[in-house]
Amino acid sequence: MSLLEVTDLGKNFGGLRAVFGLSFNLKANEILGLIGPNGAGKTTAFNLMAGFIPPSSGEVRLEGRNIVGLKPHSIVKRGIARTFQVVKPFRKLSVLENVTLAAFLHHPRRAEATAEARRILGLLDLTDKAEGAASDLTLAQQKRLEIARCLATRPKILFLDEPMGGLNATEVEAACDLVLRLRSEGIAVILVEHHMRAIMRISDRVLVLHHGVPIADGKPEAVVRDPDVVRAYLGEGKA
Amino acid sequence: MKQMLRCLLAASLTVISSAALAEDALKIGAPQPMTGADAPFGDKFKKAYSMAIEEINAKGGVNGRKIEIVIEDHQAKNPLAATVAEKLITEDKVLILTGGRASGQAIEIASVAQRLKTPYLVDHPSADAVTAKGWDWVFRQNPPGSIYPEAFHKFITEVPGAMPKSVAVVYDNTLFGKTIAAATIAFLKSKNVPIVADEAYPVNTLDFKPIMTKVKAANPDYLLMMAVATTDAILMTRHAKEIGVTPRAFVGFGGGFGVGDFATQLGPLSEKVFSSASWSGNPNDPLTAAFYKNYQAKYGLHPHEHEVEGYSVIYVIADALKRAKLTGNLEADRDAIRQALLTTDMQTAFGKTKFGNWTGPNGDQYTNQNIYSPEHSVLAQWRNGQLLNVYPKDNAETAYAFPE
Amino acid sequence: MEMFLQSLVSGVLTGTLYAMIAVGLTIVFGVMRIINMAHGEMVMLGMFGAYWSYSLLHLDPFLSLLLWMPAMFAFGMVVYRFLLRKIIPGGELNSLLYTAGLSLLIANLALLLWTGDYRNINLSYGMLPARPFGISVSVPLAIAFALAMVITTLLSLFLSRTDTGRAIRATAQNPEAAALMGIEVGRIDMITFGLGTALAGASGVLLAPSLYLYPTVGEILIVKCFVIVVLGGLGSIPGAIAGGVLLGLVESLGSVYISVAYKDGIGFVLFLLVLLFRPKGLFGVGRS
Amino acid sequence: MPKFALPGLLVAVFIAAPLLSTHSFVHHLLIMVLFSTLLGLSWNLLGGFAGQVSFGHSAFLGVGAYTTLLFYLKLGLSPWLGLVAGGALAMVVAVPIGLICFRLRGPYFSLATLAVAEIIRLVALNWEELTAGPQGLIITHLPALSLFGQTVNWESKLPFYYLIALLALLGMGLTHLVARSRLGAYLLAVREDLESAEAVGIDTVLTRVLALALSAMLVGLAGGFYGLYFRYIDPDAVFSVALSVEMVFIAVVGGIATTAGPIVGAIVLVSISETFRSQFQSGHLIFYGLFMMLVIRYLPDGIWGRVRLALKQVRER
């Protein structure tokens, strides 16, 4: 049984078809790259699966149970955590408090939640920033903070929305290493990313969306050679 | 914490300092709205009180002592009315309270006065409850709300052919509007007059045309209108006429139907509109006529109901103060004033005043309510921009006329 | 049928005037994210302006629009420049409470200066209503309606055809981007607040011959105004117009066919219903 | 400092305060201060901590006040029981209101709460069989209460003072507990960003409804106190928009999302309005408005918020 099974997921905004017929499986410990040109519906797909937007059709099964219709927080409780394309830390709160809030999910007592948060900050190299305000972090640090928040909810699957966006080369490297390390700790990852080199390096599989419709699904090397994908990226008539 | 104490200290100091004024004058307290939407009324009463007090003090005061009025602003808010009543009684040490302006505030003041054993002579608030709760320290000169339609009831019963064949009743959903509507609807029902429209509107309605279209469709013989707000009274009449409601008679209940603005703003539309009020002024009475003249001379304004009430209540208080044996002991003096009020029997610009216990038309058991209240009710009619009393006959300045 | 038509006409006429007050509030919100609690007082000032120029200078209130709109525009800019500018970065709640303080200040100053007496303007041509098709239409209200239409049209032309107007719309959509594009957001804020105040003043002038004026009249107008603006979608001008007319209609039809006593309640229920199905109002898209 | 020093001191001050003066009007002012404190505290739980700015809190005040008085006047039950029932009912009423209004955000939420409060006011005004409509409810006599063998006479001020002191302490205690608990942390998260809060597993609707319910309970109790102390309620007085706005003022002047802010705000606002009123018969609201503007302009975090910030800076130096 797959960890996550998505069947025929779709969403219409008014008359606009944002996502259509999205189906795929995610195995435990897998890293799936979700790519596609701007406006292909990647973030919408995240929002649908994580419960932030109700889908118009389709099913999302986590360990065999349909999670469509659940609120985002219950989906988090069941093991799917996400980050945001534009980072959304709790700006006025400290870094530690940001993570503590997430750790409360499994540790109702404040002392325990704080201890857990400190542990996770340590894993992500943010310990020395713990007491500072989240808004004072660099972008790369804020992206790590969001991942730290996710980890504190003990996810089975992580949805990362452009974790490398806006980062420099060294930071991208570090982010790739981080994702691989998370996988080694038993977390499956779906990431939306434009940084193709990073995708090629860390993904086990790549799924390509175009105009909301999946057009390719397979090994990274195979997918980038797929004529449909090339056409989608370069535009009609160029291939 | 320090800051807290300092503020408290500051608050209590203000209280104490303001209490130390004018030791020997006899003090009357009056909570009134001096700010906020009701401020014009507070101002009317202030002018009226001051005039009466100047007159009395000019003639040597009460038993040689001057009288003084202490006005406190309650912003037309009930909790503040209780606050300032408390302050006037315990800090300013007034002998008696008057004023209040609206019924909600009057009930708060009455409740405080009763608890702190200080007489409260009500001059204007008209809710029946003020004198119907058995509060024996509370007196009222003006008639309660349910008396407003009294003259109208007499008129339709006694004048041949005046009994309406059907009525539409339009009233505001305040205590004032509802009390009068209830009293008159009960009376009309007892006379088997069909009520063809019964509409309660919120105060400060900007557009009466929809309601009046409905009234027009019901085609009533009489249109009865109740309004606590002057603006509603005028706008309602205007819209009724503009829509083309054509009953045999328009009858208004409430101060707004009797003020000069009613005629100046409505022009010909005001012609022959009736106003049934607890008090419409009886210019045939020499005291009232003199007050009108003096007030006009002093302030350059034409006084109405509020001013007469405020002016004459001071005379009632001065009369009680004169008869009470004052010893300088506050508690004993307040009780003496209460005793004196119980035996008040006098004539003022407002009419006759004598307090007693009796039963109102809606079944309320009044305590210390002016027993002449039913006689104060007058039916007046607008004629060529002038409000003239038409009924009962004793007060009439001219004969009543039905519109063609 | 006559009853229905009459309430319809009444509703549209009053609704349009509501709408015009609301438009001023909504553009200020759209650009500056301020809920201006003193907006009702600006309407009140417009009403008193019309009253004084009528009673002292015998200027027809509708003509005095030419005097009071620019005056209120300048007044709004002054208020922005000296009182509001520093407050806006403090967030929505603070600016809301600040303008609530301002509204108390203005209303009570007016009370002190002009007393709380009820005043009105009696126009010679306003005594009797016009009666097209047997429906009673008050003449001053009809003139006000027409002028409100003209002003709103001019406003939308200004916003779509002029550079300043376009800059205002850009700032409303995204102040950061507008600033990057070289728009002086501070100047645009000042002009917008002036514009909002001028519109409030103009609606005051237009309403003056039909309503009573007194210093605290703003209170009853502002709550209605909020309902309209939120109903239509904060920041949306077409929304404010639709919301105003809708509220006017609901109040007038509701008081005939449902209950006058619940007239205001019907408006609020409608308001909640609309928000439940469209949480950002009828025309709301807005930025989150 | 030992753990119970500060609360102990606070309780001591509350007990001692009225004994410093024999003026019953000073007692009245103290009661007004604590009543305002309770209002500010309750608004602050929702508006300050959770950032959900309600303009309709008088709805719960009214529910509390009507429940208390109806318990006594219509059912003949003890008004003290009614007070508790009022708080409880306000809490119950808050749940559906929350579920409706929390679908909305920011100013939309604020105005929806105002609309709900106005609708409830109109119902209270027109449902005469239950509420007596605009006539309101009047208490002419409060039965003496027997407490620990002592007879408590409600004609004097002190029993009311200690009652409201108890309620205010309850409010402060509750605020303190919430601020330190998981719920308090969740409220801050909700205030900062609803989507992020959901993303870390916080049920944002439940969290907000909970905050509203607690807040409504406190303001419901305050309403019950209002009814018993002022002895007269009518729909326009207890369901008023002005009262809702006053609650916001108290919390903001004192300092949003703090435990001590509302009491500071209440002391300052009551003192200011008393002082200005006794100095100027009319026009004193001008100064009140000016004061509000100055506080927000120069102390945007409120008076207590500013003091706390200063203390923190001193400590860090």
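Annotations for the structure displayed:
First chain written, first letter: the chains are A, B, C and D, and each begins at residue 1.
The rule is simple: a contact is a pair of C-beta atoms (placed from the backbone, for glycine too) under 8 Å apart; a residue touches a chain by one contact, two chains touch by 3 or more.
Worth saying up front: this structure is predicted, and the values here are computed from it rather than measured.
Counting hops only between chains that touch, subunit A reaches subunit B in a minimum of 2.
The innermost chain, defined by the distance from its C-alpha mean to the mean of all protein C-alpha atoms, is D. Ranking all chains by how far their C-alpha centres lie from the centre of subunit B, first place goes to A. The distance from the centre of subunit A to the centre of subunit D, each centre being the mean of the chain's C-alpha atoms, comes to 43 Å.
A straight line joining the Cα centres of subunit B and subunit C is 36 Å long.
Averaged C-alpha coordinates give centres for subunit C and subunit D that are 33 Å from one another.
In subunit A, there is no position where the chain touches two or more neighbouring chains simultaneously. Among all residues of subunit B, those that touch two or more other chains are 35-36, 39, 43, 173, 200.
Counting partner chains per residue, subunit C shows two or more touched chains at residues 108, 111, 261, 264. Under the contact rule defined at the top, the touching pairs of chains are A-D, B-C, B-D, C-D.
Subunit D makes touch with subunit C in their complex at residues 47, 53, 100, 103-108, 111-112, 114-116, 118-119, 122-123, 125-126, 241, 245, 248-249, 252, 256, 282-283, 285-286, 288-293, 296-297, 300. Listing the residues of subunit C that touch subunit B in their complex gives 2-3, 6-7, 10-11, 14, 108, 111, 115-118, 120, 122, 127-129, 136, 138, 211-212, 214, 216, 219-220, 251-253, 255-256, 260-261, 263-264. Listing the residues of subunit D that touch subunit A in their complex gives 180-182, 185-186, 188-189, 192-193, 195-205.
Contact residues of subunit A toward subunit D in the complex are 50, 52, 71-74, 76-77, 81-84, 88-93, 97, 100-102, 104-105, 108, 110, 113, 149-150, 152-153.
The touching residues of subunit B, counted against subunit C in their complex, run 35-40, 43, 173, 199-202, 204-207, 209-211, 213-214, 216-217, 230-231, 234-235, 242-244, 261, 264-265, 267-269.
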